[in-house]
Every structure is written in structure tokens, then in C-alpha cells.
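Each structure below appears as C-alpha cells.
Below, chain A partners chain B and then partners chain C, in two separate complexes.
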Partner chain A sequence: MAKSVHMLDSIARVTGTVPYTANLKLPQMLYAKVLRSWLPHARIVHIDTSRAEQMPGVVAVLTAADLNQPGGPTTFYGVQHKDQPIVATDRVRYIGEPVAIIAAESTDIAEAALHEIEVEYKELPAVYDEIQAMQPCAPVLHGDYPDNCFRHARLRHGDIEVGFAAADEIIEEMYFSPTANHVTLEPHVTAAQWQDGKLTIWSATQAPSLVQQVIAELFNLEPEAVRVMVAPLGGGYGGKGHIRLEPMVAALAWKVNGRPVKLTLTRAETFVTVNKHAAAIHIKSGVKRDGTLTARQVTIHWNGGAYADVSPGLVGSGMLRSIGPYRIPAVQVDSYGVYTNLPPAAAFRGAMASQGTWAYESHSDSIAHRLGIEPLAFRLQNLLVDGDAFATGETLHDIHFVECLEAVASGIGWNTPLQKNSGVLKRGRGLAVMMKSTIPNSTSQCRLLLDDDGQVTLFTSTVEMGQGAHTALAQIAAEALGVPVATMNVVGPDTAQNLFDTSTNASRSTFMMGNAIINAATLLKQKLIEAAVPLLEHPPEELSVRNGVVCVTEKPELCFSLTDILRRNQLTSVDALGEFQTRVAGLDPETGQGVSTPHWHQGAGACEVEIDTETGKVAILRYWSAAFAGRVVNPELARLQNDGNVIYGIGPALLEEVIFDNGQIANPNLSDYNIPAFPDIPHNLNSVSLEGESGEFHGIGEMTLPPVAPAIANAIFDALGIRIYDLPITAEKVLRALQNE
Partner chain B sequence: MSNATLKVNGKEYRLSFSPHQTLLHVLREELGLVGAREGCGIGICGSCTVLVDGRTISSCLMLAVQAAGHDITTVEGLADDEKLHRVQRAFIDHFGFQCGYCTPGFILSTVALLANHTNPSAEEIREYLSGNLCRCGSYPNILKAVMSLSDSEV
Partner chain C sequence: MRFLQPGTLEEAISTRVDNPEQSVIIAGGTAVVLMLQHGLIAPEVLISLEKIPGLDSIRIEDNRLHIGALAKLGDVADSRLVRQYFPALFAACAAVGNVRVRNQATLGGNLAEADYASDPPAALMMLDALVEVKGISGTRQISLPDLLLGFLTTTLEPDELITGVIIPIPTEQPRMAYLRYNNRSSEDRPCVGIAASATFNDAICTGLRLTVGAACEIPTRLSEIEALAVGSPLTDTRIHEIAEGYAAGIETIDDLQSSAWYRTQMIRVHIQRVLKGLRDG
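The block that comes next holds the complex of A and B.
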């Protein structure tokens, strides 16, 4: 069925009429601005908002003093730890933390009113580094966590001492992956309206069902009293993956009481709202002279920023995603989530896998080099295959690491001779592979509705954020129902009419929502067959649905179109609900043993680079990526995902780092924080989506991203013999490493 | 407040706005032309691109008052009735977008490029479009779309 159907709303995309939340204008709408802390850690001694409140055009000013009132929102929220106040209470913990929020007739008025709020602070000592924050004398951010560690995830597999004792060589390295920003071109934006004890929220979020649930809890409302609507996003990449602006805007709307209010972040504000986790990764491996791995120990400190946000869960995912897809008899991982006085961190496309892959795949080449084994051969010798047990003890199925790696190696001509040296320009090749778990327990629900004019509408809470999910899901529905894609409409997230979906995260939608749709389609077809029984005068088991008709399977000329069946039954429509759930056993908290994921995301990359040894500049000449897609729905959209991932990955690999100076971001704009542009893209960029025999959908929203940075670093090592341990691989770092040679 | 007449997509609008407002703000908020978008606000990303007398301008950096007396074209002005502009068509045919936030900017830059060079090479296209950013990474398909319109295509 794989077919490159154009995105359903292609015309809106090229005519500029996609109804992004950023464009939302509601009658009587007010505009919000946020007063933010300018100190990294301080007590709030006093806030005076009276002058701001009296300004003409200012409608409401919300501070923590408004919270915890009867009928209003409580103060703290958080998906896993309720540690984050809607606006700061008696303390601020990072530069940029919201202290007050203003609703006014215009953005200009709201902005001017910010300057009229007086806040008196008493500064406290601060800590920014994830390893220093766990030292005994470090300032403590949250009293409940005296060592600033909000989660310590552990994995213990085999006997690590025995494993290291059995090794001929021990290779021990330290890698660092810094903070980066998602830079969705559409910034974070949320509008809310409180009317008669009910909230309506319009938000650029990847998680409508979660927003509904968290806000309902915060306001002590029934979920039905909170309606969440999500328009297509101008990019998400994890940055809009969970609850974000919604609590503060909803609280402000509650205080305004009646008129809707909208908050649109400036580019600078997005940098203090959510970032990628910086990670410091210590990795140590034991290996036999013949290349067999005997043991691996990984210690990761994840910089979670000032609030835990979704990090407690992610630190567990990061534990699994830091080991690598290799057969290793003894594995020990300690994954620490750490509070610091920086903005909160959350999932970033390739979440918690990019950091781990950066370390273990650079490390793979270090091991291969130490042993004098060719890097591809070393990997092929140790890669996990179907039926192997992973370090969690779970048996692996549908495993294609070898095919992914072989595909990219042959793509760039790994075994063809490379002209390494031509004066100041030096060339090298590198490759990398990655393994990523998906959300263990999640649920997708949907509704399919057939009208008497033959149109089929899919109601889904999957968010369209540019990945083409609505198009791919419409294709899956059309195929499952046996109708043309052209008859499909998709109605996106609106909790008032659409059913539950965990979220549009972790590349789960094609797999989860796709299966929910197939289940709904099966039910809908049954209903249509039953309705056709009296018309065709054959029992249901002799009927089937295909090409928009119900027919007698043995005599296909005996048939009724779906619309005829509805009309003759005097029905204007018929619908069916579908659900798909994954439930896995989970992991033992002490040992990390058990079952962690319904299936594994798999990807690889290989590249050839050229380095100018006079400037340190790295050019990627060719790049091949591979993702295991299980079953491809739309080849063009799949390729856009694979290539888009590589391009997105070039950012943190070569260009991107959020630079902090005592907690203050030094580059919160797109002039000082560079994201990939045309000149950064390899001219020769290719990808493959591999399919499997099981025909199970695998998401491909992230798979080709994590290998990018280590593949490039390995190519640089191949060219120059220098190893880069810190991302991004800037020209300056390469030059300095060359000079230290 | 300043009063000015802006000529946008061939139509004249008599408007009044405060003198510090950018052209981007006035297009979006006063005229409801939301095809131009703020990505960076400082002239880097190109998602606010419009044509002023046929030349590409970052509308986030131009004051609305400065645009008075000039011919402004936004993405909304490209299609002829229901018929898409050939650049818009090419972006659809070659899957030249994902989230689409950057797309109007790329399309208008391409229109300006092709107005001056009917047969740009791949290198010239990359160079010319280097002032437009696409975070989704649709660049390879954007290049194909623009190449398909270049006479130099072989």
C-alpha cells in the first residue's frame, strides 16, 4: 500500500493559510506578557504589582498570591514530581522563571506594564553543572532532594567485576553533550478562556490529552470541563511534547474571568522555557583482544534544570538508550537526573538517545582503534540480532541493526578506497548505529465516521506537526476500509470531540494510532456488512468490503456501494471507535531487569567528511542514513523524516549549543545560536527505510538523528586521528585538537 | 498613530498604526495576512519574507511606515484566483515542506530568484536561499522544487 500521497493540506501549506495557533485571533482577545526572574536563584522578598494593575489597558496581573484560592488553581504541577509553581512563589530557581503574568488589551501595553512591577529579591548561591550539583556542598534547589538528584535509574546485568576481569583491554572515556534548543519556528503559544467554571485552551502542544488531564487536576475540575484544541504545529521536535505554557495562561484566564487571553513567546523566551538535557557521560568497556565485549559501565548525569518536568521518566529511558545495541554479558548503568539553576529540560528529537549514542558510538571507534579492528567489523561482530537478550534481560524481536548499518556503509561506499590527503584538506569516513526504546505503556483511541455522501472522517488526537501524521493515518484508514484516500478527512485534536491519545511523542503515532485506526476500520466494516446482509441476502461471513463496496466475496458483481447501504438503511452516517494499547511488564527499579518497550527503534548513519586543517572547518560531503520502518506508509514523507532528522542532527553535532554565563543564556537568538541552513547540508544526502517481515509499523520520527554526531566524529578521527569528546564539533575545537596533536 | 496607505497584493489599504510597528506586525495583525511569520524577529530566518517592489525583504525589520508607497507582495498574493503560482505548485510536487512554517518565505525568495535568474544552478539556489531557515530540514526537496523551475535543469 506504500504510496507517496501529498500532504492532505498541501495547498494551505504553500498559500500560507495553515491555521497555526500563532495565528489565532479570538473575539475580545487579550494579550499576555510574562515577568521573568533575572536572578538564577533567589528568595522573593516582596512583589508589588499595584502600579501595573492601575495602568490603562491592563486587565489582570497574576502572581503566586492569586493561587490556591477557593475555586482557582492550586500552585504546583508536574507530570511526575509536582515541584513546579505556575508562577514563582517565594523563590526563583533560574533566570527566566515566570514571576508574574499580565493580561492587557495589547502586547505593547502588557510589555510596558512589566516594567511597573517591583520585585525585591535576596540572592542565593546557585549551581549550574550537573555533576557539581550532586557534590555535598552544592546549593540545594528543592528541600526534598538534598543531593539535587531527583531520579537515579539503575541497571545491573551480569557480574560487572567478572566482566572487567575477563577483558584484555579496558577503554574508559568521558563524553559531553551540551544544552541545545528545539527552535521550533513557530514559538510556544497558548490561549485560554475561563467561562462559567470551564476552561477552553488552544495550544501548540504535542500532548492535548495530557494537557487536559494536568489542567483539570490543577483546577480541581472534571476533565470534561477542560477543552483542549490543537491546530497544526509549526514544528514540535519534543519542545512542545508536554505541559508547558498552559498552566500559567489558564491561571491568568481564570483571573481575567471571561475574555480569552493569548501568550506568544518571543524567540528569546523560548530559550528559557525548555531545552535539551545536557549530559555528562562516563563510559567504560572491557573487551577481549579478538573484539568481544565483556563488560560495560555507564554513568550519566542529566542536567534537568530547576524543575523535574518530564525528566524523571526520561532519565529511565536515557538509562536504556545509553548502552548501545551490542551483546555485552555484564552491564551496569547509573543514570542520574539532577536539578540545577537552569531552565527545565525535556525531550529533544532523538530524546535521551542522542546523548547516549554520542558517547557509545564514539566509544565503539575508540575500542576498535585500540584493538586495531576495522570499525564496521567491530560493530558487526557485536551487534544484537533477533533472539538475543538485551541488558534488561528481555528477548529482542524484529531486530535489524546489521541491515541498517550495512545499508549505510554500502551507501557511502565504505569499502571503496578513500583518497585521504590532499594538502590542507583531509578526508575521512565514519559510521554509527543507535537503539531506542519507545513509550512502554500507552494508549491511542480514534473514531472513524462514514457519511452518506461517501466521505470518511478520522477523528484523532494525534497532532500534525509537520511529520505528515494526518496524511499517513488517512492512508492507513483508507486502506483498512478499502476506500480511496481522496474520500478521507482528518479532524485533529479537540478533546471535546476526539478520544484519548497518550501524546504525539517518541515516534509512536504511526504504530499506535495506526493500529487503533485499523481496529476501528475492522469494526466499521463489520457494521457495514451487517447492514448489507438484508440487501444482498447472504450471511455476513460471505460478504466483504473492498473498493468502496460491500460485495459477496465469491460473486463480486453482487454488491452495494457503502453510500447505498447507508441510504437503504436510512442512515446518514455510521461510525466505529478503535483503540490500541501497549502494556509491558516494566523494569525492576533496583536492577533494571524486565521488559522495557513494546519494540525497538533502530537507525544508522554513515558519512564522508572533509576537514580544512587550516581553519578546522568540517564539511559533510556525503551522508547516508537508515531507519527500520517496519512497514512504510508513505515513502516520500518517510524520506522527509529520515533526511530531516539528519539535518536536524547536524545542528547539535556541528553548530548548536545554548551557552550559559552564570545561568544567563548568552545566545538566545538565531543570530548567535545557529541552526542548519542550506550551506550546512551535504549535497549528497540519502536515506533508506527498511521494512520487516512482520509488517508492524515502526515510527521513524527520530531514528536517523542520534547517529549523526558520532558518525561525523568518527569520520574526523579517521581523517585526522583526533577524537572530539564535547559537542558541538566546532571548527575551533577541531583546530585546537589539531594543535594539541 | 501614523496614517499610511499600504499597497499589498495589488490592493490599497488606508491604515493607522503606531509608528514603531513593523511591516510584519501590520500585515498579520491589521490585514490578517498570516503567511508572513515571525521566526526570529531579527532578520535571520526568512520566515517573514515578503516582496517589496519585487525584492525580498525581512518584514520583521522594516517599519510599516517605510513600506508606504511601495508594492508589497505576500504569499497570499501569488496564486491567480484558484490557480497556484508555479513556485507553489513545484513545492507541492516535490514535497518541499513539512510543518510549512518556513514555506511562504522560501516560496517568495524563489519567486524573486527566478525573476532575476531564469536558470539558476543548484549552487546559486543554495546560495540565494541561504537566508531562509527550515528547522524541519526540507532543504533537499526545496532544492529539487526550485531546480525543476530552472531552465538549466537537465
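The block that comes next holds the complex of A and C.
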């Protein structure tokens, strides 16, 4: 099947005609602006919106006073904990928290009206650091959680004391991964219209089905009364992965009652809307002199910001994603999700695995160095293989960590001599490997429709966000139906006509929706064969579908085209629904033992860097990445995912950090918050997508990202003998470390 | 906000005089638009210079290079005259942002903004450029040290506009360079920019001009340190001494991009690199 076809909308992409939600204009549309808290933690004593409401051009001002009214939305929402108000009620918990939202005839009027709202605050003490927030005297954000910890995920595997007692060496380190921002080129944007008791929502979201469900619940509506439509996204990266602006905009539309209202965030607002979790990771390993791991203990504090959002689940995923793909007889993990007075955090491409991999793969090299074992050899000695049990106790299948790592090591020329010292410029090599669980229980549904003109339409709630999902899914459908890709059309998310899909998250679409499509195609082929039986005068078991015809398997010249079959049956179309579900047993909440995921995402990276020892600046000369793809659908798009992940990963590795000053973001713009530019991409950037015998699709949207930072840090250690513990690895940090040597 | 597009310099100046406090001049807009977007300025009147003809030429007159204030940084970098006589100015203009910024930003706007994190001012100061300024009472020419006062501040009077830059063409072509150092992304603003030119008689250095930009509030030239170079060969030791002199003599900026400590280190490192490059030709 593997075939490199261009993205279906590639022409629209290069000619700038993709209908992004950011460009959406609806008749009679109003524009929204959000009044945000300028204090990190405060009681709201009083809000006066009367002056703003009287301004010409202002149509509605929504505050918490409007919520919980008959027929309207309830106040609180949240995917796992309902702790977040649509707009602040009696308290604000971070700088940037929405306090009121205004709908007006223009953005300028809405903006001007913001200044006319008076809010009286009484400031409260605040806490920003995820470890300090759990100290006994820390200010409490939510009364139900007096220690600010909204989730403590535990894993207990083997006897940790025995494991450490059996070790010859114990290596204990602390790693930090700061807040970072997704920086989608298209900011968060949502439009909503409330008409006759029904809501229509246009949103740049990765989770249309979830948005429908949460909004329906918030408004106490049947899901069918909420229609969610999603145009292609200008990037998502997890930042649009769950509920974001939709409750606030839907509530405002409800108050407006009739006209549509649209909210488009500014760049600065995206920084106070959702970020990557900052994490403090304490990792301690016991190891025998021969390199055998005996025990590992990991304690992570995840900075969840002021509201739990999707963090409770992610803190559990983060527990699994902080251990590493190694055979370790005794493992103990404590993963704490912590409230702080910062903006909420959510999944960030390579979710939780990026922070975990940063720690355990930097740590791998520290162990190897302590033992005097070559870093690749240390990993190969301990890597999990098929049939091994993971720290959850589950038996692993389709495991290819060794192949991933060997592929990148071979690509980079790991075993060829390296000229390390040439005066000011010093070179080094490093590598890293990652493992990531996917969503344990999820569902994808789709519909395939064949028209009598031979066109096939795939109706799918998978979101196209630049990753090429619609193209890959069209290829899967075309192959499963035995029709050319050119006959495929894809209709993206619209809950009024498309079926359920959990979300376009966690690199699940090719696997989950791909299998739903294969199931739909099987049913559709059966229907076509049955319709062909009277025409071909053979029983169904003797017929097959291939190359756009139904034919007698033994005599392929006896055939009818699919369009002929429809016409001769007086059908204008024929369709079939497909579904694919994963259900796993889950983990014991006390011990983290059980089955956590239907399969594992696997990736690796290796690089050669050159460091200017007078400036500390790191140049990545060569980078090789590998992802286990199971089965590649489109080699060119797979390569772009792998390479794109590496480029995206260079940001948090070397450049990106959201800097807070008492809860206030100091760099909420792309001048102060640097992302990689094209000249920062390694000239020699290569990747491989590995396939397995089972032929099962594995997602590849994230796998080559988490290894980037530790591979670079390990290469710096190889070159200079200095270990950086906190991201990003800025030139200044490297120079300081060199001068402290 | 009103957007005005006067057709002549005189009209622009009188428009400015009519709205001294509430107006902001906009040329290419790469800086002003950002400030507007971030709410740092909120003028009632925006006076665009775009429609004023003849202010974007680059030409030689009386053995001096004249660059119009509205010349784009990209045009300055592409100019054959600039490349021939002032390769340091070419390098400084070519280093700014990316091609999209360079095709929009103007040289006059760059100077009027007086942002420390910029490349062209250091090169122009090193080249002893004069800035031509026009106001109601006439035209005057001022040097860069007399124009630039500090962080986003110049000595321009409210009625004055920068009309161009004049750079004397040296009789003897010196060796010249501009070295920009980015500590973060390659499209970031500079961490440190060093503009230098030197003349040699055989190995003996007969003159040195050295300006450090981007690391300090305004570009800095230390003539007493420059003088150390003159009259002897530029040995590594001498270069080190000059670099140390600048590192010690410049108060560096501490911001989100880097600490003052780091910028001082970078001044030391990059002055040595530039001077060794000039010496070794």
C-alpha cells in the first residue's frame, strides 16, 4: 500500500485557500474580546459592566452572574474535574483568567469596551512552583484539594528496597522541563451561534465529539442540539486537544441569542490559555557494575496550572512515560498533578513523554558514564523486547526499541571515529529512545459512501491539522475498497453528519480511524458483492472487489464496474458504517499494575553536535530519527512527520521557555519567545519509519520528538563532559557550565 | 486612529507639527505595527511616509554615499555601492530579521526607533555616518552619538524627520566587517553586533574603528581603546587587550535574551574574532 501521494489539499495549502476557522466570516457575525485577570490570585469583590453594556456597538457582556440561570449554561466544566468556571465567579486563579467576555459589532469596539468594565479585586497569596505548591503552608487554590495535588498516580512494581540493595551503584538526579507553548500558527479560535434552543459551534479543535458532549452537558441539551464543525487547523500539537474556548464563546452566543459570535485569540492570549506542563523530575536508579538495572524510583511534580483540565489523566500517562523502555525488576513512580497560579497546562505533542524522556534518557547516559559503559551498549543491554513485561506487569508485543535505536545509531555513524577536539569547536554524539502509551479506551467511527458516478466519500471526525491525516485515511479507504485514491473525497468533522471519534490526539488517527475505515470498507464491499450477485449470476463467495470492479474471482474478465452495479440496481449510492474500539483492562490505582495501552509508541533519535566553547552555542550538524510505524501508509508524509517532530522538538530543547515573573508571562510574543527558524534546522536531517510483521498501524505523530532534547544533551556531554539538567539548553547555560568546570 | 499619507516632506512635517503629542510617524512599519499591536503606543494620528517620493535613493554625491531614509534594509544590503564601499553596512543590513522584514523595514525607521537590539546603527556609527534631519526650521546633520540618546530615545525634535544618511567614502579602502552573534534562533534579534574597520601599512595597523551594538543601550565606540591598535601589528595579545578594554568599558544589557554577564563575554569573544579576521584579511 505504501505510496507517497501529495496531501489532498496541497494546492489549497500553497495557494492560501484552506478555509481555516481563523478566516471564518458568518453573516451578522459579532466579535468577542475577553477581559482577563491581571492578578495571579484574588477574590473578586465586585464587577460593574454597566458602562460597557451601554457603549454603542456592544451587544452583550457575559460575566459569571449570567451563569447557572434557567435555560442557560451551568458555571463549571472540566474533562475530569469540574473545577473551571466558564468565566471567573468569585475568584481568579491566574493572570489571564477570563473574567468577562464581550460581543460587539467589531473587535475594536469590543476591545474598547473591555476598558469600561470595572473589577474590584482583593489580592490573595499565590504559588507558582509545582513543588512549593504541595508544601503545607502554600496558598490553596481549590478547597477540595488542600495540598493542591489534584492527582497522585502511583506505580509499585517489585520490591524497590530489595532492588536498591542489590545495586552496586545508585545514581540519583533531578531534571527540570519548563513551561512551553504550542505556538500553533493559527491561534485558538471559536465561533458559536445560539438559535431556537440549538447551538452551532465552529471551532479550531482536535476533539469535535468531545466538544459536542461537554457543551451539551454544560447547557443541559441533547447532544444533537449541539452541532460542531471543524475546518482544517493551522496546527494543534495538543493545545487544541480538548475543551478550550468553546464554553466561553457558546455562553456568550447564548446571551446574544441569534447572531453568531467569534473569538480569535491574540498571540499573547494563547500563552495564557494553555501551555506544556512544567515538570520537576527526580530519578534514582540502582545498577549493577555489569550494567544491569536493579531498581528505579521516579518522583514527578507536574505543574497543572490553576485548573485540572485534562491533567488528571495525563498525570497517569506521565507516570508510565517517565520510566523508560528498560527491563527493571523494581520500579516505583509517584506522579503528582499540582495546582498553581499559572495558566492551565495540557498535552503538548509528545505529551508527558517529552518531559519523561528528557529525564530518563539524560539519566541513561549518566548511568553509562558512571559505569564506564558505552551509552548505546548500556541501552541495548537493558532495552525491553517482545514478550518482556513492562513495569505495569503487562506483556509487551510488537516491540522495536532496539531496531529504532540501531537505525539511528547506524544513520549517524555511531561507530565511526569522531574528531572531538578541534580548538574552539568541539563535537559530540548522543542518542535517546522513547516509549509512549496511547489512549487506552477509545472509539472511532466513520461512514464510506460510494456514488453512482464512482466517487467515494469518507465521512470522518478525524481533524486535519496539517499532519496529512485525511490523505492517509483516504489512501487506507482507497486500498481497502480497491479504488483509485483519485476517486476519494474526505468530509471532515461536522457532528451533524459525521459519526463519533474520541479525538485527534495521541497519534491515534491512523491506527483507530484507519481500522474503522477498513471495517467500513469490508461492509461496503459485501453490499456491492450482494448487489452484483444477480448481475454476475455467481454466489457471493465466488465474487471479489478489485480495481473498481466486482468480478468473479476465478474469471476476472466477468465483472461489472462499481458504478454499473449501482445503476443497474437503480441505486444512486451505497454506504457503510465502520467502527473500531480499543478496550484495555486498565491499571490498579494503588499499584499501577495491569494493562495500560493497546500498543506502544516507539521512537529514537541520534545526533552529532558542534559546540562553540567560547559562546556555548550548540549547532546540530546531523540528526537521525526513527519511529516505529507498524505499517507505513504514505512514506513521504511519514518522513515529514518524523522530520517535523525533530524540528518542533529543537524548540523546547534549545530555545523555548515561557518565562513567568510572579505569575505574569514575560515573553508572550514570538520576538521574546524564540522558536526555531529555517536556518536552525540541521542540514543533515534524516529519518526512518520502521514496519513490523503484524502490519498493525502505529501512530507516528510524536515519536521522534521526545528523544530530541536528551539526544542533544547527551551529545553535549560527549563533547564537553558537562551535564545540563534544565531545559532549554541555552548557549548561556552551556557557557556557564563550561566556566564552572 | 487616523491614517495620513502626506505627499511631501513639508506636508509630513506640518502634519506632525499640528499633532505633536498624538501622532506617530510610520515608515516600513515593522516596529510601529508591533508596538500598536502590543498596545505600547496608541496614537490618534499615524503619519505614513510611504507616499513621499525620492527618499529611497542610494547614490554617491561629493564623494559621500547618500542613502535615503525610506531605503529598505534589503535595498541597502543589495546595493552595489554599499557592498563596494561599506561591506560592514551591507553585512549589518543583511543580518536583520529575515527577508520579509528586510523588504519592509527602512534605514531611517531603524535609526528613529533607536532599538538597542539592532544591527545597522553600530555599522553606521563605526562608519562616522551623519544623519540628515529636516524640521520646520531647516535641515541639520548630526552624528549617531548625537542622535541616539538611550533606550528607544533620540534627540530628534517633535517636528524633525530623518531624511537620509550620509557616509563619507574613505580615500583609502579599509578592511571592514560586521559580525552579528545570535545566541538563540537564527532569526532572533542580535545578542551582540560588532562593526569594525581597520587600515594597515604592511602589518602595522594605522587606524581602527570599532563599535559594539545590541549589547548596550546605544552602540558604543571607545576611542581610547581603539587607539591601542594604532602604530603596531595587531598581535593576539593586542587584540585581547582591546577586547578586554571594550568588555570592561561597556555597560551591558540584561534582558530575557541573555544576561549582562553573557553579553560582556560575547563582546570579548566577538571583538577578538572580528579583529583577527581583519588582521588576517
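As a convention for this text, the second predicted complex is superposed on the first by the 741 of 741 C-alpha atoms of A that agree within 3 Å, B and C clash if a C-alpha of one lies under 4 Å from a C-alpha of the other, contacts with A are read in each partner's own complex, and residues count from 1 in each chain.
Basically, a residue touches a chain if its C-beta (ideal position, glycine included) is under 8 Å from a C-beta of that chain, and two chains touch if they have at least 3 such contacts.
The structure presented is a predicted model; accordingly, all values stated were derived computationally and were not measured.
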Partner chain(s) touched by A:Ala22 [first = chain B, second = chain C, both, neither]: first
Partner chain in contact with A:Ile659 - chain B first, chain C second, else both or neither: second
Touching partner for A:Gly234 - first (chain B), second (chain C), both, neither: first
Partner chain in contact with A:Lys617 - chain B first, chain C second, else both or neither: second
Between chain B and chain C, more extensive residue contact with chain A: B
First, second, both or neither for A:Pro679, with chain B first and chain C second: both
Touched partner set for A:Gly468, first chain B, second chain C, both or neither: first
Partner chain(s) touched by A:Asn645 [first = chain B, second = chain C, both, neither]: first
First, second, both or neither for A:Asn669, with chain B first and chain C second: both
Shared chain A contacts, counted only where both chain B and chain C touch the same residue: 266, 669, 671, 675-679
Residue ranges of chain A touching chain C (in the complex, touch as defined): 266, 268, 614-615, 617, 654-655, 659, 666-667, 669, 671-672, 674-680, 730-732, 735
Of all residues in chain B, those that touch chain A in their complex: 18, 28, 32-37, 39-42, 44-45, 47, 74-76, 78-79, 84, 88-89, 91-92, 95, 97-104, 107, 122, 126-127, 129-133, 135-141, 143
Interface residues, chain C side, partner chain A - complex: 34, 37-38, 98, 181, 183-189, 256-259, 262, 265-266, 269
Chain A to chain B touching residues, read off their complex: 4, 6-7, 10-18, 20, 22-23, 25, 108, 183-186, 232-235, 237, 266-267, 465-468, 636-637, 640, 643-648, 669-671, 675-679, 681, 683, 685
